[in-house]
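Input: structures, listed below.
Here chain A shows up in two complexes: once beside chain B, once beside chain C.
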Partner chain A sequence: MRWINTKPSRGAQLALMLLPFVLLIAAYTAGSAARLAENANDKLLPSLAGFTEAINRLAFLPDARTGDYLLWSDTAASLIRLFAGLGISTLTALLIGMVIGMLPYLRALLAPFVAVISMVPPLALLPILFIVMGLGETSKIALIVIGVAPTMIRDLALKALELPREQIVKAETLGGSSWQIALRVVLPQILPRLITCVRLQLGPAWLFLIAAEAISSDSGLGYRIFLVRRYLSMDVIFPYVVWITLLAVLTNFILDRIRIAVFPWSELEKQG
Partner chain B sequence: MSELIIDNVWKEYGDQIVLENVSLTVASRAFVALVGPSGCGKSTFLRMLLGQEQATRGTILLDGEPLPPEPGPDRGVVFQRYSVFPHLTVLGNVLLGKELTVSRYKAKLFGAARRAGIEEARQLIAEVGLSGAEGKYPAQLSGGMQQRLALAQALIMKPKVLLLDEPFGALDPGIRAEIHTLMKRLWHETQMTVVMVTHDMREAFTLATRVVAFERPRDRPEEKQRYGATITKDIAIWPPRRAGEPSYFSPDRDGPVILQGPYRDDPSSSPSGDK
Partner chain C sequence: MQTFSKMLSITALTASLAFGMASGAAAAPKTDFKVAWSIYVGWMPWGYASDHGIVKKWADKYNIKIEVTQFNDYVESMNQYTAGAFDAVTLTNMDGLSIPAAGGVDTTAVIVGDFSNGNDAVILKDKATLADVKGQNVNLVEFSVSHYLLARALETVGLSEKDLKVVNTADPDMVGAFQTADVTAMVTWNPMVAEIVALPGAHKVFDSSQIPGEIIDLMVANSDVLKDNPNFGKALAGIWYETAALMTADNAEGKAAREAMGKASGTDLAGFEAQIAATKLFDKPADAVAFTSSTSLPKTMDLVRNFLFEKGLLGSGAASADVIGIEMPDGKVLGDSGNVKLRFTEVYMKAAADGSL
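For the complex of A and B:
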């Protein structure tokens, strides 16, 4: 049989899915054990016990200086920034993306501008943001918005443009005005894409968040990682990275579930 | 009444002439089939009737009034594909026309108006043989059912003119025959004029009162650019078909085919149960 026609069974699929993760953990454990055997004070690859100790300290014991439970306060600080940034981007993208996709005049006005703006490297703007908006939350959220929104706008505008012309014409023959067509035909059909779009932008959004927190902050997951870097605290950095990854994966999964639950037809279309 | 008068219409895209000198008067309640080779501009002609495209020269009048330059509720349409909205259920698709007409800003109906709308929509859904599928999404329907849904969706607006762009071209012959019966019945029962583009001669002659052929009179490669297609044949079906009247000469020709059981294009009714 050709390779392209061989398919794994359910069990094999599960095993294959887990394999890379298991290999990664095994490789780390072996590497860590080897280094620790050579030098018990090695900080580069802490043992799993070291991680447990660090996680316990950060998550379940109050910080000696502030009395906060650091992992949770960091998470809360980061997530508020992240979702504020993503939320603003989503609303902007929906609004501007739809008018670009639907109205030829505004498309002529905005599409080239957005295309150029989306090419500006957001991190290069970070100093400007810090100078103009100060070192507080505003500049961090603004960085996420600037980094994420242009791509989302372009994606949604494309999606709105992709709707078959026939559908729009049909809606016109049903007596729909521009506003009604936007509300009843275009909006519901690009909302599922909007959710997918947010999912795809989760990675960049975290990137900009951590970049902003690394430079100026007093809390947040990125701030902590860059703070403890000075003490080579790999036992803190590794769990934080895993935790961030876990949060992103979870958000991604929940968003997709929401799409399927709220727009069941979008899943049917995919299969059909 | 819904008489269409097309007077000396030309359509050009830049230097390319697509249609030239097309004149046609379509009587109220007629059923005109437009036939012709691919790329002869019959779909372009239909889009001009729809208002999606404008004639470069000439005028199109509907009931003596020039056509507005955009599609509107007086002209319904069914395309070969993408005629129904994938995000709405069967009921939602049919109801949409009502909602857009009645509710200007919310584009949704509530309370008694909604119940009345649903009642009307259900009747139409039953009319086209989709009862029982009200809650399904188009992706769950077969191609034939989707086209019947598109018909119901257009008919709720009670359009003066119904424009069909190869609506049944993608259906298999058995299902096409069923949908022809339905189409004929709807044409007899409603007050509308129908203009249909088709590739299928048999379809044209089974359904229409009049078959109009588009062709390029000059079709040599060097002539293609500067000479468009025009009407070359205009055949009235004889014995004549008239909307709302049974055929006098051969009653069985236009008589209804009695359907037994559900439509064949219903995936849930196929014996094996598969899609």
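For the complex of A and C:
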């Protein structure tokens, strides 16, 4: 029996899946207990009870100053910015990605430009964005778009170029115009890739969102983390980090399910 | 089940190890001390003293080692101190109460270095009086001394924070932000204030010279470390007063020191001297002793703790502003005397005044 052929049973698979999480929590609890035994007011590694208390305060009790339920109002503010940014990026990427992939003239015009733009570190542009677009929502959404759209455009253009030449030729012999080929041959085949592309850009999109919120904002998940950071309020920061992770994992999962439901053939191809 | 109990015992072992190590560290004799400071007009002497051998001179005198580290991020320096990585740090009276003290780290103010006397200001765009701030978005570093200054300013014109909206903005971006169209009101500190008031349309409508002695810059140290090693406190006082005397000296040497400090804080001699003018620097230990033991300090700390309590910064479980005890030099305690976490003392400054360092 070779190692590469030994597979875990269903139970063992579940246990192995949970093991790293359990170990992480156990290590944390031990460290937290040690620090709290020394200083009951220590804020660096709060106890699990401290987290429960903080989550309860943020999610289920109105804030004394504004009357908002902070966790939910922060989540709403952040998700609106995130999805606005991702939405604009997705549409731009689809449009520009397809023309670069299909039309040689526009490819010559845009492909090198997009390639260069995609190399500009977006965070380095942040001070410029804030001055040009102000400190409001526009500059935060713009940062996300600048951060993720060029990569998405390049990815989709490559995907469009990868389509077998025979398919395009066949469509041409059947009398298809450029417009028809775009709509009936190219578009359906790159849409699944577009969804995957959005999934892969979720991480960077969150990064840019939090960076923008940290600098100037009055609500949002990143805003809250950087606000309470001043007070070492790890009892707020840790749950917020877990919550952001959860939101990202959930969005990723839902997008993948949508792809499989709408384009079942893309999943078949993958398995094949 | 067996694995579970094994895991529990591993957890217990790790915990006991961590605990044992921590208590071992506290008991060890200490000869090496770490001090953190960040860029601000009243704290520049620490960097200068470190670069020009003054720190080493005083450390050698008491047979200890003092390592001085500059932080580019003020908040990070306080967090590092609170987490236990440093024995002393420069901070304001307000942050001292809300960060280390509220975090359970018993902290003593070794040196009262200066108070802001115009260095912090409320600035409006195209409006000339403070009352015009009503209804505006105000950009500031939320929960900082700027926020406190705004609250105190609003009191003077019968307004409250409900009459406007606070927008949290990072301090390096203040000057740029003021030049964008949607920013109309701002509270910040020097050197940003100086740059912003020079912009067209900017009006300074309130500054810290109108609440003198309330925003105090301190050098604080961990109370336990200080109790076991009073020489560390004496060395700090020695370093401070030697450097402060040099900094205020009206001769070529003093000018060279001010120029070096100005350069280190990103400005020039003239800019730095303007900042010193907006700061009440306690370069003579006797003045600092008189200020620290005056009756105005308890009043200031009472205002500060009530502000922090209203903003929920004394801990989420705090029932009142009394939750943390603040000990004054005369031994009187403001708040809970069973939970004293911030102490003011004139011992080290007095030793400097008496020349007994």
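Simple rule for what comes next: the second predicted complex is superposed on the first by the 272 of 272 C-alpha atoms of A that agree within 3 Å, B and C clash if a C-alpha of one lies under 4 Å from a C-alpha of the other, contacts with A are read in each partner's own complex, and residues count from 1 in each chain.
Methods note: a contact is a pair of C-beta atoms (placed from the backbone, for glycine too) under 8 Å apart; a residue touches a chain by one contact, two chains touch by 3 or more.
Since this is a predicted model, take the numbers as computed values, not measurements.
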Contacts of A:A261 with chain B and chain C, given as first, second, both or neither: neither
Partner chain in contact with A:N41 - chain B first, chain C second, else both or neither: second
Contacts of A:R229 with chain B and chain C, given as first, second, both or neither: second
If touched residues of chain A are counted for chain B and for chain C, the larger one: C
Chain B versus chain C as contact partner of A:M119, first or second or both or neither: neither
Chain B versus chain C as contact partner of A:E166, first or second or both or neither: first
Which superposed partner A:S217 touches (first chain B, second chain C, both, neither): second
Chain A contact footprint on chain C (complex, rising order): 7, 10-12, 14-15, 18-19, 22-23, 75, 79, 82-83, 98-99, 102-105, 139, 142-144, 161, 165-170, 173, 176-177, 179-183, 311-313, 315-317, 341
Residues of chain A defined as touching chain C within the complex: 22, 26-27, 29-31, 33-35, 37-44, 53-54, 57, 64-65, 127, 130-131, 134-136, 214-218, 223, 226-227, 229-232, 235
Chain A residues touching chain B - in the complex, by the definition given at the top: 164-167, 169-177, 179-180, 183-185, 188-189, 263-266, 268-269, 271-272
Residues of chain B that touch chain A when the two form their complex: 50, 52, 70-73, 75-77, 79, 81-88, 96-97, 99-101, 104-108, 137-140, 150, 153-154, 157, 159
